[in-house]
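Multiple structures are listed underneath, in structure tokens.
Both complexes shown next keep chain A, but they swap its partner, so chain B is in the first and chain C is in the second.
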Partner chain A sequence: MDQLLQHIFNALVLGGTYALLGIGLTLIFGIMNVVNFTHGALYTFGGYAMYLAAVALGLNFFVALPVALVAGLVLGAIIEFTLLRPLRRSDIDTTMLVMIGAGIIMQSGTLWIFGGVAKAVPTPFPAQPLTFGPVSLSYVNLFVLCAAVALIAITYFTINGTKLGRAMRATFQDHDTAALMGVNVSLIYTATFAIGSALASAAGALLGPVYVVTPQMGDLAAVKAFAIVILGGLGSISGATIGGFILAFAEELGAGYISSGYRDAMGFLIIIAVLLVKPTGLFARAERIG
Partner chain B sequence: MLMSRRTTLAALAFSLLAGTAFAADTIKIGVNEPLTGAFAASGTYVVNGAKIAADEINAKGGILGKKVELVIEDNKSNPTEAASVAEKLITSDKVPVLMGAWGSSLTLATMPKLEEYSVPMLVETSSSGKITTSGNPFIFRISPPSSVEAEAFEPSVKKLGLKKVDFLVINNDWGRGAAADFSKMLKANGVEVGLVETMDQSAQDMSAQLAKLKASDADTIMVTSAVDQLTLLFKQMAALGLKKRIITTGGSQNPDQIIAQAGAAADGTMHLTTFLPWWPEKTPNPEATAYFLGEWKKRGFDFAGATESFRGYDGIRTVAAAIAAGGGTDPASIQKGFWKVDFMGLNGPIKFNKSGPAGKESGQSKPNVYIIEISGGKVNQVQLGG
Partner chain C sequence: MTRFIAPLFLVVFALLPLGLTDPYLLNALIITGILTICAMSLNLLLGFTGQLSLGHVAFFGIGAYVSALTALGFDVSLPFGLRVTHEGGSPLLGFVLAIVLTGLCGYLIGRLSFRVRGAYFVIVTISFAEVVRLVALNWVELTQGPLALTAIPNMVLPVPSIGDVALRSKMQNYYLVLAVGVASYLLIARLVASRFGRAMRGLKENESLALSLGINATRTLTVAATVSAAMAGAAGSLYAHYIRIIDPDVFLFSYTVTMVIMVVSGGKGTLAGPLVGGIIFGLLPVALRPVMAPEAQWIVYGAILIAILFLMPRGIVPALEGLGERIAARRKAGDKPTDAMPAKMGANP
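On to the complex of A and B.
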């Protein structure tokens, strides 16, 4: 029982960051129909941005976090402007290849600049964990969970409660009609990619201090993000959020009670099961009509 | 377009010419290491150590009147890549001897290629027992197999008062091999063996495994992995409030890097290592150790990498000794030469004993194994046995 409580806590923390990763990816796919293969590299970028801001520039931890987030926002906008905008009219395969290439360039660039040795980002939180009886929870993990939930809530509000969000949803439903109604579709695309990138970068910046920052940290993160998006249904924000938590619980409980050797396989077993039963994912978006 | 194609052709022709010109007066040594992927940090250290050895050998006039040239390739921490890198080095670069491939799974994947092309390889880091017992006569290993580590640790079992041990190992030949060899030794000494948990080589979050280990009644956890994953583990153990005796195996811990990155979380952890760069005077070959550490520092490398990189240094020195002893630069002469190698490495005498099925023996050298403890942010040696 004690062990179960600990597992549940661990899964909640993990699920928050998984959800963050999934939302960024699903947003870009849903609105732009772009499979973003730079998602893992943007996650890594967030980790290194955090490292540079907190260690090299010596900024306060809580100042460095928004800096990393904004850096991700800007990088996302640059990628959209230079790579995706010229390819707007090309087919999905071309875009995919360009994004795979961009992802490789970003990862190799990180390796070239920072080297392969992991970097640690110090946190202002006490090393001693909070203990509730047999359950331990570190302050930094608690902070990561809260920050992730806050970012998810902000994203949700942006999409559902603001003018920008309405324009985004309109573009997602039918970009031709949205354009005719006066929505600046190009701007919406840039904003969407920038927001998605900022979320990936924020996930990297939050988890960099929890783990360590390495050029390869995005590889596994990207695989997980894709899994979450498939699980939750392409383009669905609530689907990605719930998918993130489902994956985290599957991994955590699978490793805890079945076999740790198959930890990373657990999530994929669930995905296969979901695809068999509900091929569009648990929370499929309504397809665009026409 | 035409212009660029012509330039490419010219460059290609030039590089081919340059290649043959080089081949005439150098001896190529293929280096097959993980420079990207999960083991990037460790592989890069080994390669930097190898470069120091090659420069030292060349400064002294080379071997058999020829300069040594390292042909370095990245196996991306991936066994499939390790095998194709070996093939590329042998067939395209025409190297007569290799050094590699850091991890046990990486080395095991390249071994069939060595047999296919009859080219010997010096194994500098891998510790799976299978490598030297599967009957591959082209394998010569200077790192200790986990059974040798377990044997060296045996006298300390009583001293530390181990009662029940759980394992947390990287899910590959290295980790599972270590768990098997140490379990055998512990059981023979009346110590109970509990859980054997595994983790993927690129996993960053091990909280599920750790929660399970925390709930177990074992007093000690033996951990096998490389520095980056160990750093994460110690931080996550602290976060979970897991306080048990931790002993790591495998010699790829880079204790100073752990201290720098995991901080107080690493306090009290013990590590089996094969090199003592903190006390050059205590090593079997203080003069060579001092030279190596001096060069390492002069090149601006991080001291933390010394426990890893010394294997690259000793590895290339062993290959050079084999070339000199064999008297030729073809693979067969070098393979024979390995059996005649006998010199003092940074962690003990390097001399190959026969290991594996008769007629197809691999070479295994027996290095020293030490145990160190991190306490108060410093590395302290723990006497084995007693």
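On to the complex of A and C.
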């Protein structure tokens, strides 16, 4: 029971960042019909941006985090503007392959610049964890959970409560009609990709200090994001949020009670199981599937 | 013009080792050949049926492991007190089993993943490859996990009146790969030209229309996936018995990316495309190695992939075909400047 509580807390921390990753990916897919293979690289980018800001520039931890987020926003906008905008009329396979190429360039570039040795990001939190009876909660994990929940809330507000969000939802439903109603669809696409990238980058920046940053950290993050998005249904934001937490619980409990070696296999098994049982994902409405 | 590419390559690559003594270059050619076989098999799915499978490396890796374990033998205990022991056998049997078992895997994965299309299909195939990689990494009793399977015997060929001959030298392995490559090419060429090949292309061009004509989509795609997987399995077996050591890294996504780059750059859906792409991207590391670190090479590959998709979205071979047709048309127009068009129109009064 004590162990279970600990697993639940760990899963909540992990689930928050997974949800950020999943929301970013599902947003980009839902609105732009692009499977973002740079998502993992953007996650890595967030981790290194955090490392650079906190270590090389010597910024305060709480300043470095928004810096990493904004860097992800800018990089996402650049990728959309240079690579995706000219391919607007291409089929989904072409954009997928272009995104794979961009992801390779980003990952190899990181490896080239920073080398393969893992980097640690220092945190201002005390190393001594908070203990509630048998459950120990480290401060940095608590912070990560709170920050992730705050970012999810901000994303929900942006989508549901702002003019930009309304334009995004309109584009999601029907981009031609949205364009006729005066929505600048190109701008919406850039904004969508930038926001999705910023969320991936934020997830990397939040988990970087918990673990370490390596050029390969994005590989597994990317496939997990795919798992979350499939679980929740491509294009569904609340599906991605719930999917992120489901995956985190499956991993944490699977690793704790079944086998730790197959921890990372959980995501893929979920993908395969979901597609066997309900290929459209658990939470998606049928018409959203392209 | 492009129909001469394959015979030309065959002549060049059959004669090439005669004038080549550098073992490094010969090794690069062998690996290139193996990857080109994978690219050809991937092209069957990606090019001819239009399904972007990004889990192709799984079949290559499964083929390598099946063949190596058949030759080396294994002893694993399964749940419910079951125990499977295998003494170790002929690499040739491993080669056959690799083809059969990967074909079976391809069939099962096809049945599973062709329920979905597009982005879903791509993600299922990637997930499958990753699951297989994690199994290879964690099922240490069978695969030795990260410790790798070592001392895998070389492939043997039964020769009448001499008995079994182990293919130890690079030259022997080179011609083995070339022979399997030619066989794969001919098989794909036959398949594509058949009624079945037309069904595949029909599905690629317009699935609803193909379905309305009575083509069974899932069956056609599954057969393509089975053949494609079996061929990649054969390549994996060749790799295992040539390199003689394999670890879970044979399942890395970067191999799939290499195969995809080969197919897309050469020209998907053409017979010669994977050959051209395979030779270029198989030998590019040899050219780049003296001037660049491996990370920088991958940056170049990524950039080339993007550049090809932007500038030559159909690939090199179709671009050459287009060029050849234009030259032919211009020459024709030059010969008979006036009656080329009227003659055509006159035929249809």
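By our rule, the second predicted complex is superposed on the first by the 284 of 290 C-alpha atoms of A that agree within 3 Å, B and C clash if a C-alpha of one lies under 4 Å from a C-alpha of the other, contacts with A are read in each partner's own complex, and residues count from 1 in each chain.
Please note the rule applied: contacts are C-beta pairs under 8 Å (C-beta built on N, C-alpha and C of every residue); 3 or more make two chains touch, one makes a residue touch a chain.
Please read these numbers as outputs of a predicted model, since none were measured by experiment.
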{"item": "Combined model on chain A: chain C and chain B, fit or clash", "value": "clash"}
{"item": "First (chain B), second (chain C), both or neither touched by A:T177", "value": "neither"}
{"item": "Partner chain(s) touched by A:A127 [first = chain B, second = chain C, both, neither]", "value": "first"}
{"item": "First (chain B), second (chain C), both or neither touched by A:S186", "value": "neither"}
{"item": "First (chain B), second (chain C), both or neither touched by A:L83", "value": "second"}
{"item": "Chain B versus chain C as contact partner of A:N60, first or second or both or neither", "value": "neither"}
{"item": "Partner chain in contact with A:G261 - chain B first, chain C second, else both or neither", "value": "both"}
{"item": "Touched partner set for A:G101, first chain B, second chain C, both or neither", "value": "second"}
{"item": "Contacts of A:I271 with chain B and chain C, given as first, second, both or neither", "value": "second"}
{"item": "Partner chain(s) touched by A:Y211 [first = chain B, second = chain C, both, neither]", "value": "first"}
{"item": "Region of chain C that runs into chain B when the structures are aligned on their shared chain, from 99-107, 171-179 or 243-251", "value": "243-251"}
{"item": "Overlap of the chain B and chain C footprints on chain A, listed as residue numbers", "value": "111, 219, 261, 264"}
{"item": "Of chain A, residues touching chain C in the complex", "value": "29, 35, 83, 86-87, 90, 92-94, 96-98, 100-105, 107-109, 111-112, 219, 223, 226-227, 230, 234, 259, 261-262, 264-265, 267-269, 271-272, 275-276, 279, 290"}
{"item": "Chain A residues touching chain B - in the complex, by the definition given at the top", "value": "2-3, 6-7, 10, 13-14, 111, 115-118, 120, 127, 129, 131, 136-138, 140-141, 207, 210-212, 214-217, 219-220, 251-256, 260-261, 263-264"}
{"item": "Contact set on chain B toward chain A in their complex", "value": "35-38, 40-41, 43-44, 171, 197-200, 202-205, 207-209, 211-212, 214-215, 227-228, 231-232, 235, 238-242, 257, 260-265, 302, 305"}
{"item": "Chain C to chain A touching residues, read off their complex", "value": "50, 52, 112-113, 115-116, 118-120, 122-124, 126-128, 130-131, 134-135, 137-138, 253, 257, 260, 264, 293, 295-296, 298-299, 301-306, 309-310, 313"}
